[in-house]
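In what comes next, chain A is part of two complexes: it sits with chain B in the first one and with chain C in the second one.
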Partner chain A sequence: MMSFSFLPNAVLVLCVGALVQMLGVAIGRNVARDAVIGLLVLVASLVAVSMPTVLYMAGSVALFAPDVWASYSAVLIILSAIAIHIMSWRNAVVSDATVGSEYYLLLTLATLGGVSMTGAVHDVSFFLGLETLSLPLLGLIAFRNGRIDAGEAAMKYIVLSGVASAMLLFGFALTYLETGSLRFIAPNTGDMPEPLLATMGTVLVLSGMFFKLSAVPFHLWLADVLEGTSIPVAALVAVLSKIALFAAMVRYFASVNLYMSGPATNEVIAVAILSMVGGNLLALVQTDLRRMLAGSSIAHIGYLLVAFLSPGPLSFASSAFYLAAYSVSTLGIFALMAGIMPQGTDIRDWHGMFRRRPMAAAAMSIMLLSLAGIPPAVGFFAKFYIAAAGMAGGRLGLLLILVMSSVIGLYYYLRVIRIMLMPAPVERPEREVTSPWFGNGALIAVLACVTLLFGVFPGTLVDLGRNLIVMPSPPPGSSGQP
Partner chain B sequence: MNPGDPIAAIAIASILFVIGLLGVMVRRNLLFMLISVEIMLNAAALAFIAAGARWHAADGQVMFLMIIAYAAAEAAVGLAIVLRMHAAGRGTLDADTGNRLKG
Partner chain C sequence: MAALLPLIILCPLAVAVILLLSRGTMPARATCGLVGVGMGLCALFGVIEAVTFLNGPDSTGALHVVLWHWIHVGGFDTSFALTLDRLSLVMMLVVSCIGFLILVYACSYMRDDPDIARFFVYMNLFVASMLLLVLSSDMIAVYFGWEGVGVCSYLLIGFWYHETPNANAARKAFVVTRIGDALFLVALLLLATGVGSLDFNAVIQAAPHAPHAAITLATLLLLGGAVAKSAQLPLQTWLPDAMAGPTPVSALIHAATMVTAGVYLIARLHAVFLLTPGVMLLCAVIGFVTILFAAGSALVQTDIKRVLAYSTMSQLGYMYMALGCGAWQGAMFHLVTHAFFKALLFMAAGSIILRVHHEQDIFKMGGLRQEMPGVFWAFIAGSAALAGLPLITAGYFSKEMILTSAYNVAPLFWLGGILGAFLTSIYIFRCVFITFWGEARTHAHGRTGIVQAVPLAILGVLAIIGGWMEVPDSLGSVHIFSNLLSPVLGELPEEHGGAVLLLIGSIVPLIGVSLAWMLWKPTGRAPEALDQPLVRVLRADWGFDALYDVVFVRPYLALGRLNRNDFIDRLYDLLASVTQFFGRAFGLMQTGQVRRYAAWIAVGTVLALCLAV
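Entry: the complex of A and B
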């Protein structure tokens, strides 16, 4: 049995790719070359995900499970990384010849962390994946040279992410103390004589995950981080790390019956309600587009938790669909911001955009309508699907709050469209609008088309989602209960 | 006391964890906040050692090594960011003064 074959293909490809990129930086600096290598590595890992994997186990301990859920989330993560890679090119921060190469290296490493988290079925592999995602993210957040606010954002993220990691680890330790197993799965407290420690462990793990997912009441860092860092990195924080964490969370709770009222279920319900309402209220009062997107991202985590709380055949399918819809629309908005007005993050800078850049404004409107959940765009069907899952799961109270908070959401999404339709006020000088480079323009067009196409013909993604029903399950042979 | 009984060690770990958490919330100096996070991580590491002793398995010690590695990496990155902020012109370590971000 070969010792290195216990890694999934994509993880292996990304590891080797990161080494190649490090070698490239060591030989000589050339931003264009390193950008191309980075893109090739990401594309290669995308190919590697689709190849069938047979995982050997080292001893009796399974570290990764190559199931459909892992592949689906890995594909979503790698596609988002490719989109972020494309929108970073010609960004003033990245094309600096002295630091640009490291940017692409850190992007590959963050992708590696996210991909390994999606398949992790052991505490060690989950923890390593999580920190392989978090530590490069810190470097990326602080990347803007000489900018104090980037440093502040990174400092906020490092302290809070450290607290979240410590909570997760303490939770794992308590679970291990009670069950003697390091499997990445919530312990079944029903058949234990003293379930107190295991329950505390589960609640701590859950809190740590919510910290990293920035669900209310653990959300305070997200808006500041998105505001302090550059736009492509903001997209990375808002999309890539959330897909990875949500995928891991679904796997962790695959064993728990979420209908049974228990401390863990109650915490998820409370956090879902708070995130839906709190995220939308936070977004409502913002004047900065990035801070508004932070609020919207928190609210969307709340919607996803509703699907997560409605176990049944529709639960995985609808959360998979929603993750895809959310990623496409959010990435689209960030790509537009990076391409059209890298400095103009204030909502008022977008005055009169329909007159100045009709195509960009139209694409922006499609993305916003999708996030708001209005019919022609994919977001409507995604929300509808979650509502169907919630109905099937009997979560009527949660659905009521989902609908009400979506109505709040309509206001601030449509406000941006209204501002783009209005002419600019005379006393405020118009901020200069740039043309996105060809790749970013193509990216925006593709994302807008995908948003519309999947909104009108959601059948393909729904079929894909149906295959996810049977999983995720840890394989037998993981270190068993003593 | 039975040496295999982990309750005392878990109690110490819990106390350390709470001290670290309070430190993060109360202290306003960035360096002390980073140190408090390290204390929380060490509390988790101690809890893993105690749990490993209970099950007579090496798993707890494996996790301990991982946590120590992570704590070192996090401290290195955190101090690098503090240095960069200082180089960029922020002369204070106080987390409350001179904030550019509205949060």
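Entry: the complex of A and C
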């Protein structure tokens, strides 16, 4: 049977853009020029998402799905990448003329990996996307040359990421053994001669993905990595890769009835509970803002899994909404850290920030309130939406844990605001505060406004999410999309 | 003129907001000017609204102004709406016009206080809340106003909070009225769940179809709320102490308006109360007991403001007795005339207090007749009206209206009322004779300015002639007031035994005044306050304060001391420390060693596999 495969526009643009950037580095180093090219590539890919597909390929294997879910996640990823791009500029390491150009190249490549994963319906395209995301990430994590903790973080990441990738591949192999298919989808174990193998394959794939999502108990690398690397890269790890992975995971489970208690469902439930409780507990005792955000990020993955586990009309809409809300607020905090106090990641450095930088402290408070889920920030509505989805899906136990662990979250988010309100202690010298460059300041303002505006008028984003209800489409079988 | 109705509330509210935002930086003269203009507009709008309403097409009906729909959820519907009918019209006029006079007077009274702006913030907020209370058509907004006047009362009693007794008095008033507020709130919730709306009309229409027990409970709770607000037995103990506030506060809040809110509420819901004769009987009994109880206390007070406070309580007792007897018009009429003469008495007392160096003990005054003749005549007018001297005073006609209705229900109530009137005439003229006659025991300084004199004069005239808008059949049959209210409160019932009752009611106050003259006429030596044990008990609120202190306050404080360490809080502390502990324990996983991390991944995967298999 003749069928068509196709390449998403954004992937195409990002591939070409990466080549252009490589060419630029080969011709001559100029950080400013490469930064501008990198930004242009990202913006071009954003435009390309909304264009009709141009590149069809003849072939029998469908690699990407052309659906709204993929486009939505891709837009979210590219917007996050643009935000990270803006907050990287004027970063001391990145501005280094000898290595700065590669930074933007790696950023483009990581984005390419993330965007590929969102639409992937084939094991190969998913795995290629995943590694295209992971390997540049490794380079980016280690990018603070001369810093030993950056190297340490990168080493931890490469070793553990290798373990996870191996498990993922083994899972694919087991599934292939049983089903003879490389479709990126959880196999239906009901009608198989040897269901155990397929089940084990699914579990292994899940474990691999949970590692990348840093869900408990696969989360241990996240705090160390976020602490070791530069702030924009930390944002990349905390936001961009999680959107990509979550989008892919939703697609992987499109075929599984999550109402039914199956091996996969059980694992997701267990991981969701552990992540919600564990992430919040981890964040509770941290003194470093980045480690706290690592814990918070783990907890938010747990909340997202609750939405994911609540099949029904609200499930995808609430996940989509929550992804956006989480990304905006987390990016906002990282942008503030990068702009105000790139060196001051200890929470105590933020003492008296309301007096020293009232606007920045106010923006920070908005982001934190959003993450804590307090109105009028968007995080409240996002969490409410998840609760609504959970109620519709009958996941009362999970919701109970969500609410209780959110209470723990309240403590450490509000603690930061409290510290910003308090005057600085005398015995501790105040860390110097810098002014963010114009673009970063504008980014912070936009993110803060978005956090508030979508919190007060969530209608637009909700409508956007409603369109995703029927998505994502399960990947096509032997026949591709015409 | 529907547009004017919200403006009547907004005028004082705007003044309060402006003063609040000025943070006391506005000079006293400008503050007074602003208050004068704001309240003047409020009163003017009130009068215009009243005139146009009464000449308008639905002068016997009601004018509804729906400002916005507020809550519309799950079968419960409430909107923020104002209603003007003839009942709320009377209240609105009392609040805005008498409020205007008292605030003008207060401008002069508080002129030298550094916190004058704060004073007027509270006062204007009070007027706005009170107007909201009387004009709202929905009981949620009524509750809003009800709490608003309660808070303003608290803030104003404790206005001079630097002195501990004032702060204590404010707290006492707040706590005691809070008991009533809680009962009121429960009544509202009961009605809201039963009826699905708190609109007055909806409640009145739904009441006859509701189970009798539920309606009885609701009216009982409403009565409880009203009783606390109006300082009736057994929740009366706060009112005498409330005199700690500035005197204009006592005139406006603790005499003319706030304490009558309960009377208005019951009159507004009279159709519901008519369904529960038991509760009405209780209401009448409470009024009956309070009349005699408070008059007894007033007989032996030495503080001029406390005399007036007990007389307020006693007069409110007449209103409750009237309500209990179904004499709605009588209660409202007495409410209006009482607002005239009691505001007058308080303001006259305030002028005296200002002139004699803030002395409030009547036994240290004396002979003030010559030194302040204007205030003397104003006080005489108010006292005559309070005592109900026949024919020439407003209090006479309203009291007789109540007594006649009470006689028709139960002669015992009438007898109590007459006895109360007798005691009233004795205690108020005791106060007059001791204060204004005899040797001067203090020296009055300064003059009572025109700003104080004009409100006194206006209210003095009203206290005398205000009663002639309702004269019983046997004396001339004028029924302006009851005709005004009959579309809302129903026709006035036929009078029985009018002339004889009137004659007795006319003679008794005269006997009382004569007796007071005999007892306290100037004798050449200074009168002294009695100090027998019985008198001391009477003076101390018949021992109610001591009783409540032993029965409620002390056990409560003991309980508080017992729970000083807040054992419930321990639970939360425990919760917090357990969470912290788990957080730290969980943090132990973060060793920083890659092999351990990899081991955890392996453990997780193996566990997941075990779970699956």
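Here is the rule we go by: the second predicted complex is superposed on the first by the 463 of 482 C-alpha atoms of A that agree within 3 Å, B and C clash if a C-alpha of one lies under 4 Å from a C-alpha of the other, contacts with A are read in each partner's own complex, and residues count from 1 in each chain.
Heads up, the rule we're going with is that a contact is a pair of C-beta atoms (placed from the backbone, for glycine too) under 8 Å apart; a residue touches a chain by one contact, two chains touch by 3 or more.
As the structure is a computational prediction, the values presented were derived from the model and not from experiment.
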| item | value |
| --- | --- |
| Chain B versus chain C as contact partner of A:S255, first or second or both or neither | neither |
| If touched residues of chain A are counted for chain B and for chain C, the larger one | B |
| Chain B versus chain C as contact partner of A:T460, first or second or both or neither | neither |
| Touched partner set for A:L128, first chain B, second chain C, both or neither | first |
| Which of chain B and chain C A:S435 touches, first, second, both or neither | neither |
| Chain B versus chain C as contact partner of A:L206, first or second or both or neither | second |
| First, second, both or neither for A:A153, with chain B first and chain C second | first |
| First, second, both or neither for A:G228, with chain B first and chain C second | first |
| First (chain B), second (chain C), both or neither touched by A:P263 | second |
| Contacts of A:S50 with chain B and chain C, given as first, second, both or neither | neither |
| On chain A, the residue positions that both chain B and chain C contact, one per complex | 155-156, 159, 163, 167, 220-221, 223-224 |
| Chain A-touching residues of chain B, taken from the complex the two chains share | 6, 10, 13, 17, 20-21, 24, 30, 33-34, 37, 40-41, 43-45, 47-48, 50-52, 54-55, 57, 59-60, 62-63, 66-67, 70, 73-74, 77-78, 81-82, 84-85, 87-90, 95, 98-103 |
| Complex contacts: residues of chain C adjacent to chain A | 579-580, 582-584, 586-587, 589-590, 592, 594, 596-598, 600-601, 603-605, 608-609, 611-613 |
| Complex interface listing, chain A residues touching chain C | 155-156, 159-160, 163-164, 167, 196, 199-200, 202-204, 206-207, 210-211, 217-218, 220-221, 223-224, 263-264, 266-267, 270, 278, 281-282, 284-286, 408 |
| Interfacial residue positions of chain A with respect to chain B in the complex | 123-124, 127-128, 131, 135, 138-139, 142, 146-149, 151-156, 158-159, 162-163, 165-167, 169-170, 172-174, 176-177, 180, 182, 220-221, 223-224, 227-228, 291, 479, 482 |
